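What follows is a pair of complexes built around chain A, which joins chain B in one and chain C in the other.
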Partner chain A sequence: MPGADKEADLTERIEAFLADLKRGGCGTGPIRGSGETARETTALLRKVTAQARWSSAGDLMEIIRKEGRRMTAAQPSETTVGNMVLRVLKIIREEYARSRGSSEETDQQESLHKLLTSGGLSEENFRQHFVHLKANVIEAINELLTELDGTTDNIAMQALEHIHSNEVIMTVGRSRTVEAFLKDAARKRKFHVIVAECAPFCQGHEMATNLSKASIETTVIADAAIFAVMSRVNKVIIGTQTVLANGGLRAVNGTHTVALAARHHSTPLIVCAPMFKLSPQFPNEEDTFHKFVSPHEVLPFTEGEILSKVNVHCPVFDYVPPELITLFISNIGGNAPSYIYRLMSELYHPEDHDL
Partner chain B sequence: MKRESIVPAACAAVTYTVLCHPHHHTVFIVLTDGPGNKDDITRSKNEGKELSKEEKQRLRKQKKQQKKQKERKNEKSETEKEKTPVSLLPPPRPVATQKAPSALPAPASAPIPVPASAPFHSSPAPSPADKPAKSKAELKAERRARQETDRAAKQPGSSSSGIKTKVPLSELNPVVKRLPEHVQVDDPAVVKRLAKKLERQQIPLRSDYGYKVSLFSHLHQYSRKAPLTQQLSIPSTVIHPSIVRLGLQYSQGIVAGSNARSVALLHAFKQVIRDYTTPPNEELSRDLVNKLKPYISFLNQCRPLSASMGNAIKYIKKEISNIPSQCKEEEAKTKLLTCIDRYIEEKIVLAAKAISKYAIEKISDGDVILVYGCSSLVNNILCEAFEKSRKFRVIVVDSRPRLEGREALRRLVQRGISCTYVLISALSYILPEVSKVFLGAHALLANGYVMSRVGTSQIALVARTFNVPVLVCCETYKFCEKVQTDSFVSNELDDPDDLMVTRKGKTQLENWQDVSSLGLLNLVYDVTPPDFVDLVITDLGMIPCTSVPVVLRVKNLDQ
Partner chain C sequence: MSSRGGKQKKGNVTSEQEEEEQPLQAVLVADSFNRRFFPISKDQPRALLPLGNVAMIDYTLEFLTSTGVQETFVFCCWMSNKIKDHLLKSKWCRPTSPNVVHIITSDLYRSLGDVLRDVDAKNLVRNDFILVYGDVVSNIDVSQALQEHRHRRKVDKNISVMTMVFKESSPGHKSRCEEDDVIVAMDSKSKRFSMGTDEFEIRHDLLDCHISICSPQVAELFTDNFDYQTRNDFVRGILVNEEILGNQIHLYVTQDGYGARVSNLQMYDSVSSDMVRRWVYPLTPEANFTDQQGQGCTHSRHNVYRGAEVSLGHGSQMEENVLIGRDTSIGANCHISNSVIGNNCTIGDNVVLDRAHMWNNVHISSNVEIHQSVVCDGAVVKEAVHLNKQCVLAYNVVIGPNLSLPDGTVVSMHHPEEEEEDDDDEFLSDDQEVGHSKDKTRQKAFNPAEVGPEGKGYIWKASMNDTEDEELAQCLWGLVLNPDPESDSESEASEESQDRTFQLEVLGTLQRGLEENIVCDNLVLEINSLKYAYNITLKEVMQILTRVVLEYPFQQQGTQLTTLQYTGSLLPLLKTWSPVFKNYIKRAQDHLDCLSAVEELFLEQDTHQTAMVKVLMKMYQLEILEEEAILKWFSTGATNDKSRQLRKNQGKQRMSLQRKESEEDESSEEGE
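Moving on, here comes the complex of A and B:
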């Protein structure tokens, strides 16, 4: 039966995706970059929309929410998955509102007047059935996919506006976005890059090898030398794992030190992050913010007897407060950290923030 | 020996300015006649000061020929007796020998020492070699002057004048200091000069390894796999075997940490002194210092000397030069050995005890103390505090590539102290738990900056952001006169291959040498600005970072 086959195929794909996410929990990071994760999530959600049985927008949103909860539970630190689910939910809401004919703006704004007159919760329950809703939603998701495909190029195109000749740029660890950014600038400008290796996983080494292959003058330094060389650095350009709702970052560990050193020397800190990394989370949840991996990376088992008497920590992420950040460069342009809350309200609907 | 007694005496009255030879003459007269009266000495020294300034001005203004004539006229009165001593003056300065023959025939009247020295400045000799000749001679002259004032102070009746002259001497510290060779690697003239000097001392020159980052092209970068001892013949006739062993231990990192290196150095020197015999017609005080010079060059080549080692060497040289000439060899040697033992005992061991005593007052029950790397002093403090039943726990922060924190971790865990271990990139995660930070220092600079293992400044920066007090523990013998504001001008570059790491069987940077645009930087030291440091605990007490020059001044006056 074709229908059953398709469904089995879909569940198989979802299971494979979840397994990949779970495996990506080790220290070296996910097997695929966050861009690919985002694309894969969106493709899966499109398939779910196409194949699942639903009659109204409300049903579809329930299905998507369920799948979304499963996916985020597999790897809570991989926030792009949750972000994409929220984007799709927002798309569904928009398409529904458009089909109904009401303008989007009035639905969006939570004004005091609306709260008083409508008495709290919105009356929308998304129960109306529209014939073309499915096609519209799938079309909108396709647009989202094309947007995702072009994010890295969009960010890299802005490189020449920010990098001038003979600069010394510092970066931390490995970020595909920053790599593309610097390689694009290197086509026209000559500059020097200092890469902090970011122990214990030393992803900075791979970054440095890739950059030097593009004939960029690269130097690898140990984490301990970040403050020592910062006085000679003109700009710090970093990538991040997540951009939080207050404009702060959840980035690879060691980034907070870089940000503090940059502030001490009044060096601008530029974050290259595509919009799908923007997450509605706030940094205050202590339990869920940090992720730890095996302490074997820090103190190997070969150290012997002292291992049992010592606590070893290996956190993966660092929180960087928004005051330390100068600029966000994303696929829609450059923004200050104080503007992030506005961007978030455009991307996600406030009721979806808790899946 | 006539020469020996005259040359030091000659320099005794030289103040810390350009060579001022008129005073040589006056001092010669006074001292060779025996311990003269106080007035003569002070008068000559005062005259010496004034005349030296005039000399300086004159030298600057005149061309070579005019200068010689004027000085000849000035010095005519004092010349005749000094013919022979003057001609003996140039030879003891090895670098200046190339200029001495050219300088001596130049002035019309040979016995004038001032013209003999003046052409050093005025002759069209190659300038880079000129400057160090002048400054080397200057430094030697200063050293002899210092020794002579000490000796004059020892003599009866001249003690007060000695003290009087000491204060102006310390105030007139030389402004022109020679830049050490190890921070001028990008200057080919300097490198050539060093190579010549090492050749003369029969020490092999160590070659740099690998691509150097352009920011640090003025520093040496050696490979650990090519130690200097491979180029020495066995057995080495020039260098004492315990020094060879010490050099190898330094370059391989077997002996690391400034206290350990200084103590090892002093023990090696003790062995050298024990095995030393004065050759005939030589005096122990002069010859032993000359014997030590190639050893120090060798150790410098193996691994650049630390500030603590520099101070220890200065002390030893001073002690050796202070040996009176009539002292018997055995007596002199036992005296030197006890001096060295006393130095180690006072400056290192007892200082550590004093610092522990002060530091333990700062540790209270329930503290969470953060330490970085392996500082013998800080480990000592923590172990003593634990023995005095203070309840605290320790967080050891470590960094690649040296990973010295593991050694500190082992030592603390053996004592039973509960420890946590993280890498320096996890600092922002762990700092909210910390109540105090204890750091060790490699040296304390005269402008209040703390020179320590790379990464210390980062820890101080982040601790300041989290409002955690930072305490630096340092013995006073590590205080040095240098000033530095960043970690570039004077640093040590370690073997760049140490940064490579093999993870899951893959070494990313394996062929970094083949890629022309890739460089690895392995710094050893960095400087922490004084506003990050809250307190420095020394054996003299607890002082703020900015009081370092005060301590240095007090120490100089004491000596």
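Moving on, here comes the complex of A and C:
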């Protein structure tokens, strides 16, 4: 039975992915970048779409939602997974609406009138069967994958507009996007980068090595020196783990310090964040917001007796409120934090916000 | 080492790839083969005891799976059915599991050695495998160690048989098991366990994770040496025979990761608290790595974890490091810190819990205080009960009301005496035994003074002055908290009894030798084999031998011998057995030891002290003892009054002996 075989293969793939997610990110930053996670999630969802048994868009959405719930539960801090699930759900909605020939779904304008009169397309309406729906959805997911592949390049392309000659740029920790951004700018301009090392994981060291290999003048500073050095800095460019629905950030710890110092010196703070990092999550969802890893890096296990007398915590992320951020640079251009809500409604369907 | 290091790198690449195609295997021993958790493990095997609301064996399997093990053999003995049921229900036996779990049960396993011999007999492992117990909690990435191990095996042609994983942790760390306190001598360059090589370091900052990477030879070696019971036996055997067999044991020391074996309740307490404090990340409670429905919980500030449907009364505080399972309800004004509470528990008002470990379906009434104790499934604690440190309430026990249990109380539904009765077969047939023990339970009434007016259960400790029970309680919590000198004396006592049996055996041998006229060489052979059987040192053999020979006349003809009779019967015996003595007494130190044994005996038999000089004279003449040794013994200071007395008595004769000897010497010299 090839059908059963396929299904077994699919569940195996999903289980492997889930196990990977659960074990991933052992403290020293995620093993793979969130870009890669996004691509893997999307590819997996495409596989689900192609191989699972469904007859209507409603079935498919239910399947995707079920798998999505498990995937997000596996590693709640990895929001890109959830974001990709939402994107795929949105794609299914759009394709379904297009097949039906109504333009209703593409019309995103929310108005009080609309809210009162109808709840949009409800689940019952997705029962209709269309022959080409599957092909169309897969096609659309492929487009999404192409978009994901190009995000870093798209962001890096804008570098020259933001980085000028002889500027002093500060960054914190290691972000692949920021690294690409700076390297792109370095092809034409000469500038100086200061990297805060970002203890206790010290991803900053790696970042500095990579930058200096690209012959960018780089200085590594301790986190404690951030404020002191800030007066010399022209611009702060950072990456983030997630962009929250209110325009705030959930970024590697140390970012908040940098953002506050930048605010004090009125230095512009630019965040390089691809669109797939945009999450409908708000910062008040306390339970899954933070991620605490083994305290080993803060106080090593070898310390002995003191460990039974103290409680050591090792959070991975900081929350940075939106008012400290000057500009977001995403693959579709630069936006202010106050505009994030708008992007959010373009990317995701409001009914999907909680899976 | 470095010169060899150059060579191996070339040829390795291809063969390593070949090897990697074979799935990595692991042997998981889901039995402890001891009774450390006893009254608890009577109802549930240790591997299934919950740690942070997840069975311990799940941690071990998750650890194995995450290191890339693809095939695991789980060996169970005690209550194997329960373990089997648990595993069949868990995610490890789902068809999608990347780690194929085979369950092998047998009632005949009595030690790790038996398991490994079975591994060899069934030919289960084809390649290097990981050996762990079912109660190891770890997140160490052993792939590095595995690589080093394989590498060494390539280079040194299978000389390295085992790589043991150690974690650095300084002495005094609470997760160091006091019983496992190891001091390791290792070759600093090759990371090999070493005994007296030219350059080595001695380390006391290592924690034995009880994870070992073994070559397939390990199983074979266990088969070859049928007396190996534990891993310690094995390690000792390898190190002692290193020069003969050429096998080596290496170690892998890691700084990252976490690894510990829950070997007693003390370790249970600290591993549980480490887990709640996220040291074992990513194996944290909220990760729900066992992938069970409804096991998920949320993690919030100060390491407070809450399962689904937890209700918390007004004014209750969860201070820090608290894990609460699903469907648990907690009353008002409770104060909970550093505790783990299982599923479906009910807790009344004004309860104080500190370092408490409560498993599932526990009922706690109001005004209860519990400190550092374990409360097992289904236990009921009634109003105003106070559990002091290190109490254990085993399954289904009822305590209270209005009672305070002193430190270290262990209460179980099983009567401690019933335990002793069927001590022998308890490892064999659990179900059957539990069945008929229930009848007995009814016969004995619960003591309301011990467990409260409405209580059910028997105290398992102290009040009865039973050494076995005392040892038991100590075992439960480990030696750390009850540093009891008794344990030492007990082990000594057992050693002494071993000496005693050895002595009897030697006596029997000599007797037979005399009766059947066996050649002395054969006697030596027999004594040697006895020596190995009872694990007696050479020095002790000699002392015991001397003692047996000197006591022989008493044994044969009663103690009322006159000195004359005694010497009369002893001296011919000495002559007959002198080759036996000569075999054992070779170095100068041996002579002194022999003399001290003689001295000791004659101190006890003080009526025959005068015979001593004759004995010594005879031994000198038979060339058993050397002259210098006797003189040295005589001149060295006596250790106590009595021996001084003895020497004094001997003194005169001694002088004459000495003089005679010197005269002899002189005369012989003159003769020359």
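The definition used in the following text is that the second predicted complex is superposed on the first by the 338 of 355 C-alpha atoms of A that agree within 3 Å, B and C clash if a C-alpha of one lies under 4 Å from a C-alpha of the other, contacts with A are read in each partner's own complex, and residues count from 1 in each chain.
Here, a contact is a pair of C-beta atoms (placed from the backbone, for glycine too) under 8 Å apart; a residue touches a chain by one contact, two chains touch by 3 or more.
A quick note: this is a predicted structure, and the numbers were derived from the prediction, not measured.
Is the arrangement of chain B and chain C around the shared chain A a clash or a fit after superposition?
On the superposed model, which is not a single observed complex, chain B and chain C fit side by side.
In the three-chain superposition, say which chain, chain B or chain C, touches more residues of chain A.
B
Give one of first, second, both or neither to describe whether A:213 is in contact with chain B, with chain C, with both, or with none.
first
Looking at A:303, would you say it contacts chain B, chain C, both, or neither? Reply first, second, both or neither.
In the superposed model, A:303 contacts both chain B and chain C.
Looking at A:327, would you say it contacts chain B, chain C, both, or neither? Reply first, second, both or neither.
A:327: touches no partner chain.
A:294 contacts which: chain B (first), chain C (second), both, neither?
Second partner only.
Take the Cα centre of chain A as the vertex and report the angle out to the centres of chain B and chain C, nearest 10 degrees.
The C-alpha centres give an angle of about 80 degrees at chain A.
After the superposition on A, what does A:253 contact: first (chain B), second (chain C), both or neither?
A:253 sits against chain B, while chain C stays out of touch.
When the two structures are overlaid on chain A, which partner does A:199 contact: first (chain B), second (chain C), both, or neither?
First partner only, chain B.
If we overlay the two complexes on their shared chain A, which of chain B and chain C does A:8 touch? Say first, second, both or neither.
second
Could you tell me if A:232 is touching chain B, chain C, both of them or neither one (first, second, both, neither)?
first
Touching A:312, do we find chain B (first), chain C (second), both, or neither?
A:312: touches chain B and chain C.
Please work out how little space separates the C-alpha atoms of chain B and chain C at their nearest point after superposition, in whole Å.
Nearest C-alpha pair, chain B versus chain C: 7 Å apart.
Show which residues of chain A both chain B and chain C reach, each in its own complex.
Touching chain B and chain C on chain A: residues 290, 303, 311-314.
Can you check the complex and tell me which residues of chain C touch chain A?
Going through chain C, the ones touching chain A are 65-66, 94-98, 139, 167-174, 205, 255-256, 258, 270, 277-282, 287-289, 291, 296, 298-303, 320-321.
So in the complex, the part of chain A that touches chain C is made up of which residues?
Going by the criterion above, the answer is residues 8, 11-12, 15-16, 18-19, 22-27, 73, 286-288, 290, 292-296, 300-305, 307-308, 311-314.
Note which residues of chain B are touching chain A in the complex, please.
Per the touch definition, chain B meets chain A at residues 213, 215, 399-401, 406, 409-410, 413, 418-430, 453-455, 457-458, 461-462, 465, 486-488, 499, 501, 503, 508-509, 512, 515, 517-523, 526-527.
Within the complex, which stretch of chain A touches chain B?
It is residues 197-202, 205-206, 208-209, 212-213, 215-229, 231-232, 253-254, 256-257, 260-261, 264, 290, 298-299, 303, 306, 309-315, 318-319 of chain A that touch chain B.
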